[in-house]
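One chain, chain A, appears in both complexes that follow, with chain B as partner in the first and chain C in the second.
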Partner chain A sequence: MENKIKEIINIVLEKNNKETVKELNKELSLRDDLGMDSLDLAELTVRIEDEFGVDIFEDGIVDKVGEIIEKISKR
Partner chain B sequence: MCISANVIIYNNISINKNTLIGDNVSIFSNVNIGESVLISRNVTINSDVEIGDNTRIMDNSHITGRTKIGKNVFISVGVTMANDNLFGKNGYDDEVKGPKINDYVSIGVGAILLPNIEIGEGSIVAAGSVVNKNVPENVIVSGNPAKVITRVPKYMRRK
Partner chain C sequence: MELFFHYRDKDITYEELIEDINKTKEIEKYIYEQDPYEILKKLIISIINGNQITLLDSDFSVEEIKKLGVSEVELEKSYENKEKVENMDDLFGKIEKNKDIWELTLYTSGTTGRPKKVIHKLDTVARSVKKSEEFKDNVWGFAYNPTHFAGLQVFFQAFLNRNPMIYIFDENRKEIEGKLKKYNVTHISATPTFYRTIIPYIKSPIESIQRITTGGEKYDEALENTLKKSFPNAKIRNVYASTEAGSLFSAKGEIFKISDRIKDKIRIDENNELLIHKSLLGQSETFKLENDWYKTGDIVQKIDEDHFKFVSRKSEMINIGGYKVNPHEVETEIKKIENVLDALVFGRKNKITGNILAAQISLKENVNTKEMEQKIVNQLRNKLQEWKIPRIISFVDQIKLTRTGKKVRK
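Up next, the complex of A and B:
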């Protein structure tokens, strides 16, 4: 699952000319560490929902990679 | 209805209840403005325009002639639009048409909408985008020229 999340994050980052991640760290901030803006986050949540059937922003916007993993794990 | 200071209103205008027109707004002829609409400061609206209920048009935006704006639309600050690809060569003929903006569309700061395009219901135009062709429903478009980035995720939907 974590490899797939990393793949999705990197697709979004690469598409928008941002540096991709080699290792997925649960403490990474989507905004501060990965440089995602509001458009990137919108695309990320749609791609994750398509893959895992989970709306990660259903209860508010999350920022840490670990929060995404936790939400998907709970499905 | 509240009309603020220095507003200029030409002929054949209808403004419905609970609508607020901000300072320095200029509204040209044949314009229908629905209920509970906000037209914020310095907005200019050219002729033959329809604006649906609950729509908000923020400061310094320009609504070109023959534009149709639906209900619950949000137009951010500094949005501009055009209605004539021939720069007035043939006058105000039938080919001159502004955008059609459907219900629940959101348009980001400084976006530019080119003539005769339609933006589908619920879609979002990102800040600074240049929209030169039709936009489907419930998608986010961005860039110059604007391209579809993704569908609108649930947390961003206003409907």
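Up next, the complex of A and C:
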């Protein structure tokens, strides 16, 4: 699952000319460390929902990679 | 002297604004500018001279401007600044004197592909502005694009009350909390998307905020609860405004009130569509009126004589974080790309920006889809504003059509 999440994050980053990640560190902030803006986050959440059927932003604000993994594991 | 505008690391006082106005010899007829302070300064100069100006988004591409029908010759035209301003009272006096001659043209996403041109007078663009002694200590967080209608509303509300504006729209998000606290900002008006973007950066509650205004997207209760934590002293209000008519209704929660002031100019028709009387609109040749009433395309639910809530949009416009995108405009651009046969653009719902754009595209045979995706995105970047570019692209053999031959837009 974590590999798939990394792949999705990298699709969003690469397509929008941002630096991709090699390792998926749970402490990484989507906004601060990966430089995602609101459109990137919106794309990410739709792609994750398509893959895992989970709306990661459903109940509020998500910012750390670890929070995404936790949301998907809980489904 | 009081602060007029803070942006990046600059503080500009009202006194410095007057000096800058007096130093300016001419302003362009079409304001196509990135610097938010310059935009506002030129806007003020145009009012005191009674000029007719147009505001263009700074991120419009050359192609997009061409589509508006604005020629390069027109873009180069300018007006002479004939006025000298002595002080703030003199400035407001000159505004009062010229407010009926001044005209401001804005472009709004049209429903037929070409953006609509709407001409406003100060009366329509600043209709919702309240000017009073009780607002004199307000400090505004400026969280909209200053060339957009909502940004102008914030500008006039703050400026006509001589309030400071702290520009936070496209500033570094990590600095926003510090700026709001340093300047004791009391009022912010922004889209839900903007609040969702800054909230993770607000580490401790900001006590100075008295009022949070939002609008332009569907009401979101979860967001309202989050806002209450970051801004514990703020009253939260939702407004309904449009480029055609300005700010019209406000709501606490999701139920909008029709005020007595405009009661006879608002109707809900038998199909539950919200209609606005033409006297509330800016001028435009492209408005379609039916017996003096403008059909908003918003489907509402009537609660009682004075209250309603929004149900849906009748039109095909897709709301991306408060920006309305016409899918036909994007499809037209995609179809111009080599090897593309057909395209269908639609919204995908999400909790960050309401919608993002998705596209289904059919290609000529034997074209590499991976390469095409990047090629399409790159080509669109040169032609369209960022939020008009589809984020999720899928390639299909054929775009599905309804029995009447229309595309099935989801």
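Quick note on the criterion: the second predicted complex is superposed on the first by the 75 of 75 C-alpha atoms of A that agree within 3 Å, B and C clash if a C-alpha of one lies under 4 Å from a C-alpha of the other, contacts with A are read in each partner's own complex, and residues count from 1 in each chain.
Following the convention adopted for this analysis, a residue touches a chain if its C-beta (ideal position, glycine included) is under 8 Å from a C-beta of that chain, and two chains touch if they have at least 3 such contacts.
This one's a predicted model, so the numbers in the text were calculated from it and none came from an experiment.
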Which holds for A:61: it touches chain B only (first), chain C only (second), both, or neither? both
In the superposed arrangement, which partner chain does A:43 touch: chain B (first), chain C (second), both, or neither? both
State whether A:53 touches chain B only (first), chain C only (second), both chains, or neither. neither
Most chain A residues touched (candidates chain B, chain C): C
Using the superposition on A, tell me which residues of chain A are in contact with chain B and, in the other complex, with chain C. 39, 42-43, 45-47, 49, 55, 57-58, 60-61
Chain A partner, complex, touching residues on chain B are 126, 140, 142, 149-156
Under the stated contact criterion, what part of chain A meets chain B in this complex? 39, 42-43, 45-47, 49, 55, 57-58, 60-61
Which residues of chain A touch chain C in their complex? 15, 31-32, 37-39, 41-43, 45-47, 49, 55, 57-61, 63
Would you tell me which residues of chain C are touching chain A in their complex? 173-174, 193, 196-197, 199-201, 222, 226, 320-321, 348, 350-353, 356, 358, 373-374, 377, 386-387, 391-392
